[in-house]
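Shared between the two complexes below is chain A, which pairs with chain B and chain C, respectively.
Then we have the complex of A and B:
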């Protein structure tokens, strides 16, 4: 029983990281209709930049947090400006291919600049043990669950109350009409990219702080695909929920079955979900007009 | 007097080429390719061999993505299944290599039906993700089924001997690859001008319209997956024989990206484009090596230690560059050059 509770708790923690990345997927998908295949790589890049920053200027928590947010935003804006905006009006498939190209570049850049071996992130506070009842959790795990909760509330409020959030929903609904109503769609997309890269970057840094930094971190992007699809690609809050479920399923299969099955449990889940309900649990059904 | 180049019957309209010079040049190229092993040294011959079997796989992907417009990010799955289809038949059970090549096509084709099934409901990005998921699932399935596949320890593959001919020498293996590449090219070119190819392209352009014209979407989408998987599987078998050792690690997800790069760089949906794209992408490491050798020592040192990363970055840059600046790919550039050459000095 205790084992089950332990698995559940760590599953929720890793699920929260997937959930954050899935939120990042959903933000971009909602405002531009494309999937950023480089999301995991963006998370990795931000994590590496933060690691380099922490190595240079010390790993004070506030400094690291501020740097992560800034690095994520800048990276997102640069990608949007250099690669995505010039492709506006091209078929979605071409833009998706551009993000695949970007993924390859970022992955190799990390290997080119740094090396392939794992390093500790150097944030000791993350691995302090916290006991809740019989449960052993690391501070970083508790933090990331809290972070996801906070971001969930923040993004709900953002979409509900802020001008940009409402504009983003308008663009997602119908970008041409939104443009005619005076919404600056290009800027809305830039904000979406910045926000998505920041959230992905936070997830990357949290993951690196918990499990060391290595060039394999990009695979959390692959793991978050199932989460985003399960929740519904256009549902930001739903994706976060999907992340928790994928994290739990992964941890359960890993704990009770085998580690190879753990690796693909998410992918098996996507295939199932897509066959039965392609729009995910919370997504809007896409209706195509002939 | 003829005032233009008119097609007078269907046969002329769907002929592979109406130009004598294209036919002549193709024959000359064929002769040159057959004679190549007499002239080329081992290194160059190896490169051309790689180009040939890569071409088989890229043409396979082209049937699916270029003709039918179904995006697959899971073709490395078919590649690895093809390699294992051959390796299990020939390497473990010692059966006839011809049967091995047949299995290398049939096993992925069966998987193609399974992977293709979701394509009947899914489109675009969703399909891409599903196929990618299948590629990972296939890898794990091969590792888990170690009673059939030797699991993670891999299978050694000697070069085959068929019909009393040994393919041990590099030249003989080159001819084998040339045979498969020419066959694949012939299939691709001929599909395009048949009922099946026209149905594929109709599905690509608008599947709902295609359906209302009486095209059976289920049958043709599955057929596209099966044909594509079959050809990719053959390429996988050739790749396995070339490496002489088959493991799951030999077929990384990176190969899918390489295949995508070939299609994008060459120009989607054109057989000539696939050929040009394959040549460029396979030769890319060589080209960059030559370019970097012109620069200083520092660059060469980077190339020596981090060659793989530099090459990957170049793949990425080339994919993005072509998509951004010339979506028609090399085949588009080739057509532009041809037009300029014919019309020069006039603009058109």
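Then we have the complex of A and C:
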């Protein structure tokens, strides 16, 4: 029983990281209709930048947090301005290919600037042990669960109540009509990219703080993408839950079966779910009036 | 021969000078030429104007270029590879043909797009809030009150998902949404499209009320010439990308050709013979 609880808790923790990146996928998809295949790489890049920052200026938690947010925002805005906006009006397929190109570029950049071997992130606070009852968690794991919870509530409230959030949903639904309502759609999309990269960057830093920083962090994007599909690519909150589900299943199969099954378990689940609900668990189905 | 004379009374040669002199025009379009994909001419040499407190109708068949003009006025041609190649669009004394759509809305020119185009997954209330995207929260609350007064049914349905409303209710949301920013000029693209006659009555009654009680200025694009001429003060008729006729709405409604070809009534429609059609075609060539 204790083992099950332990697996559940750590599963939720890794799932929270997937969930954050899945939210990042959904944010960009929702407001621009694009899938950013470089989402994992963006997370990795922000993690590396933050690692470099921490090495230079010390790993005070507040400093690291502020730098992560700034780096994520700037990276998102730069990508949007340099690569995405000039492609506006081109076929979606071409723009998605641009993000695949970006993924390769970011991966090589990391290898060029830094190196291929893993390094400790140097944030000791993240690996401190916390005992809750007879459950052992690392502080970083507890933090990332809390972070995702907070972002879930914040983005729910943002999309539900704030006028900018409503405008984002409107742009997602019909950007041409949003233009007619006086929405600067280009700016809305830039904000979505910035927010998405920031959230992905937070996930990347948390992951690196828990499991060291290395050039294969980008692979959390590969786990998070199916999570986003599972939750419904256009549902920011649903994607986050998708991440938790994938994390849990991975941990359970890894704990009770074998680690090879662990790697594919999430994908098997997704294939199953999508055959029953093609738009994901929480995805928006086309509104049709009869 | 008699019809040709009649035509020149309601529009024809008189229009260009009469309209140009009018400096009180809220909107005046001069010699507008719009081209799609750098090759397809959708609108050529169109001049029209809307003066404050009036309903001006822009009539014509499908594909005549009416919607293109509205898109040009709202600055959204670029989303369809369209471009204003020539001419100017003056709104309240400023050329707006180069402005981005959000700035045009900010200047007070708002459009109700064809087919309503509500944000289907959003609630009625959220759709209305979107219409007031550029106004402060105090004005937003006032306008919301105003729209709910105009369409009491929307207040009941405020929290409903707009995509599930009936067509008539959706059109009310679309008009209400455009009114949220307190526009100086309201442009409507085919508000009667696909609606039941009573609903059209209701919508047009609101437009009339907006003009008579609130002094609203309205540019109404319609295929339904009969309905539009009933409430309009002035009207333009378009064909193949050009304005072929214009004049006061009541004069146009009594014009023999308009009756025959746009309203489908009058003595002419009864004895519709090939001779009349030939006459029309000849005249059309002459007009263009």
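FYI, the second predicted complex is superposed on the first by the 285 of 290 C-alpha atoms of A that agree within 3 Å, B and C clash if a C-alpha of one lies under 4 Å from a C-alpha of the other, contacts with A are read in each partner's own complex, and residues count from 1 in each chain.
Note that a residue touches a chain if its C-beta (ideal position, glycine included) is under 8 Å from a C-beta of that chain, and two chains touch if they have at least 3 such contacts.
All of these numbers come straight from a predicted model, not from anything done at the bench.
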Touching partner for A:263 - first (chain B), second (chain C), both, neither
first
Contact-wise, after the overlay, does A:92 reach chain B, chain C, both or neither (first, second, both, neither)?
first
When the two structures are overlaid on chain A, which partner does A:34 contact: first (chain B), second (chain C), both, or neither?
first
Check whether A:184 is in contact with chain B, with chain C, with both or with neither, and answer first, second, both or neither.
second
Taking the superposition as given, does A:131 touch the first partner, chain B, the second, chain C, both, or neither?
neither
Which partner chains sit in contact with A:163 here, chain B, chain C, both or neither? Use first/second/both/neither.
second
Which superposed partner A:275 touches (first chain B, second chain C, both, neither):
first
Give one of first, second, both or neither to describe whether A:102 is in contact with chain B, with chain C, with both, or with none.
first
When the two structures are laid over each other on chain A, which of chain B and chain C touches more residues of chain A?
B
Overlap of the chain B and chain C footprints on chain A, residue-wise?
none
So in the complex, the part of chain C that touches chain A is made up of which residues?
74, 76, 79, 100-102, 105-106, 110-111, 113, 117, 119-122, 126, 129-131, 133-134, 137, 161, 163-164, 177, 181
Which residues of chain B touch chain A in the complex?
71, 118, 121-122, 124-126, 128-130, 132-134, 136-137, 140, 143-144, 208-209, 257, 260, 264, 302, 306, 308-310, 312-313, 315-317, 319-320, 323-324, 327
Interfacial residue positions of chain A with respect to chain B in the complex:
34-35, 83, 86-87, 90, 92-94, 96-98, 100-105, 107-109, 111-112, 222, 225-226, 229, 260-261, 263-264, 267-268, 270-271, 274-275, 278, 288, 290
Quick one: in the complex, what on chain A touches chain C?
163, 166-167, 169-170, 173-174, 176-184, 284, 287, 289
